[in-house]
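Chain IDs A, B and C follow the sequence of writing; residue 1 opens each chain.
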Amino acid sequence: MRWLVTTVAETVPETVDAVSLRLDVPDWPGHRAGQHVDVRLTAEDGYSAQRSFSIASPPGAARLELTVVRIDDGEVSPYLTTVVEVGDQLELRGPIGGYFVWEEADTRPVLLVGGGSGVVPLMAMLRHHAALNHQAAMQLVYSARTQHDILYRDELDGLVDAHRAVTITLTRESPSEWSGRRGRVDSDLLSDSGWPPTHEPRCYVCGPTAFVEAVANDLVAIGHEADNVRTERFGPTGGG
Amino acid sequence: MPIVSRGFGGRRRQPSVGLLPPGQYIVDDFPVLTAGPTPHTSLDDWDFTIVDETGSQVARWTWPQFRALPADSITVDIHCVTKWSKLGTDWTGVSVDELLDGIETSAAYVVAFADGDYTTNFPLADVLDGQAWVAFGYNGADLEAEHGGPARLLVPHLYFWKSAKWVRGLRLLNEDEPGFWEALGYHNYADPWREQRYWGD
Amino acid sequence: MEDMTLDGNAAAGILGEVFVSEVTTAVTTCATCGAVAPIGGLRAYLQAPGAVLRCVTCGAVQVRMVRAPDRAWLDFQGVQALQVEMPPPA
């Protein structure tokens, strides 16, 4: 797997803290929904830093999209969200990871559970599902801190249909005009917004490590088989 | 050949000329590196043992016994093989000279063993004569678990992977025995000033 | 205190430098406890001088990798067997 030089074609602000970078990647081999890339930044003196970012764009999209949430004392995310401009080059390798993917051939019901930036690879899955007009039932449970932290909010509203459902819960702020759920993702929310274990859904859980562990434990406690629960921990802060 | 990322500086400050081993840069934070989950041995269960070259346990301290030993306050520079360095770090610990005082041995090597099945190795001479401590304090406070607390080995003249976190004892040996990383490509001795990072360096 | 644990999937980049095919769906049998799991589901510790993948069931080290600029070392002693998918015969 080699390092590819990509060019930033568009930068799309998603929230105050998040930017989607749309990249032109020569010879991109294609990817599967849920995979990630490693991005490498190199300073003039040769110092380099590397981070993994989930691919937000579905397979077949014209440009590769990465959504980066800025971590205030991070080393790479502030650069990608505030310094990078259209025309800049970024080195990346990928696509990486065959374990945390959802593919067209899978007809089982799907439960996607994302915390914060953990929604990014799940969005690739949703976008792929929509582009295929796929009939498998796919549910997203997405935990964000405040309304202003919700990524892809309008697009998520537009994706809801007979085969895709979205539940967003806010964990920090409870504004009166918010008609959605409040509080963290717990067993009750997972039971209400997911499927009973008897349906044997494939579950994908992604976000900060503590979030992923709590949700994965809850899903198993509810009765889902551990083999049906795929996790992608983003690390303690969920980014960097 | 990596491309240079326009405007990227990274987290590290510029090194002060003359103070850093080759290839290192200074960091302001204290990066946490680990090969596994943080162990949580309670102080009631904690002990530190020394096993000699015959396989006999020749010394053992419980936590209260260990803390009753004379301790040094030292300020040292530390250098990680992943290229970050911290200058002037303050530690409190019991010198390995103190721990080995009175122990008869003809061993030439030592392996430090830690919770989580981590090991690292040294010529015995490199942990004597004021070169090594079992440290329980950092920056004036108890050493945090993620940095190796309750106690870690501190051997600042070598790359910091040899300052084993969660250290629990020393095994004295007649023959060298590469530790966890030394057996998988990292340099057996690991002198930062000669940039001994990997086998053959 | 932060938990540094990641999923084996996160090690796919560094392992992908050595393995030709997708390795995270390869299945290991733990040499210590016999548990069977895909590499992508092992517990990965990548903030280290090297990469370490541990068994989810017993915590033993299954795979280690060290990357130097011009060399890499791999240790699979903790894996009793590694099963990789191969394309069916033409």
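Assume contacts are C-beta pairs under 8 Å (C-beta built on N, C-alpha and C of every residue); 3 or more make two chains touch, one makes a residue touch a chain.
The structure displayed is predicted, hence computed values, not measured ones.
K.L.:
Is the number of contacting C-beta pairs greater for A-B or for A-C?
P.N.:
A-C
K.L.:
Most central chain by CA mean?
P.N.:
Per-chain C-alpha centroids compared to the overall one single out C.
K.L.:
What whole-number Å value describes the gap between the mean CA coordinates of chain B and chain C?
P.N.:
Using C-alpha averages as centres, the distance is 26 Å.
K.L.:
At what distance in angstrom does the C-alpha mean of chain B lie from that of chain A?
P.N.:
Result: the chain centres lie 38 Å from each other.
K.L.:
So, what's the distance in Å between the C-alpha centres of chain C and chain A?
P.N.:
About 23 Å separates the centre of chain A from that of chain C.
K.L.:
Enumerate the residues of chain B that touch no fewer than two other chains.
P.N.:
Residue numbers touching two or more other chains: none in chain B.
K.L.:
Indicate the residues of chain C shared as contacts by at least two other chains.
P.N.:
Those would be 2-5.
K.L.:
Would you tell me which residues of chain B are touching chain A in their complex?
P.N.:
Contacts found on chain B: 2-12, 25.
K.L.:
Can you check the complex and tell me which residues of chain C touch chain B?
P.N.:
The touching residues are 1-5, 43, 45, 47-50, 52, 54, 59, 61, 64, 66, 68, 71-73, 75.
K.L.:
Inside the complex, what are the residues of chain A that reach chain B?
P.N.:
3, 5, 40-44, 47-49, 75, 79, 83, 88-91
K.L.:
Residues of chain A touching chain C in their complex?
P.N.:
The touching residues are 1, 36, 38, 52, 93-94, 96-100, 209-210, 213, 230-237.
K.L.:
Chain C touches which residues of chain B in the complex?
P.N.:
31-38, 80-82, 117, 144-146, 161, 181, 183-186, 197-198
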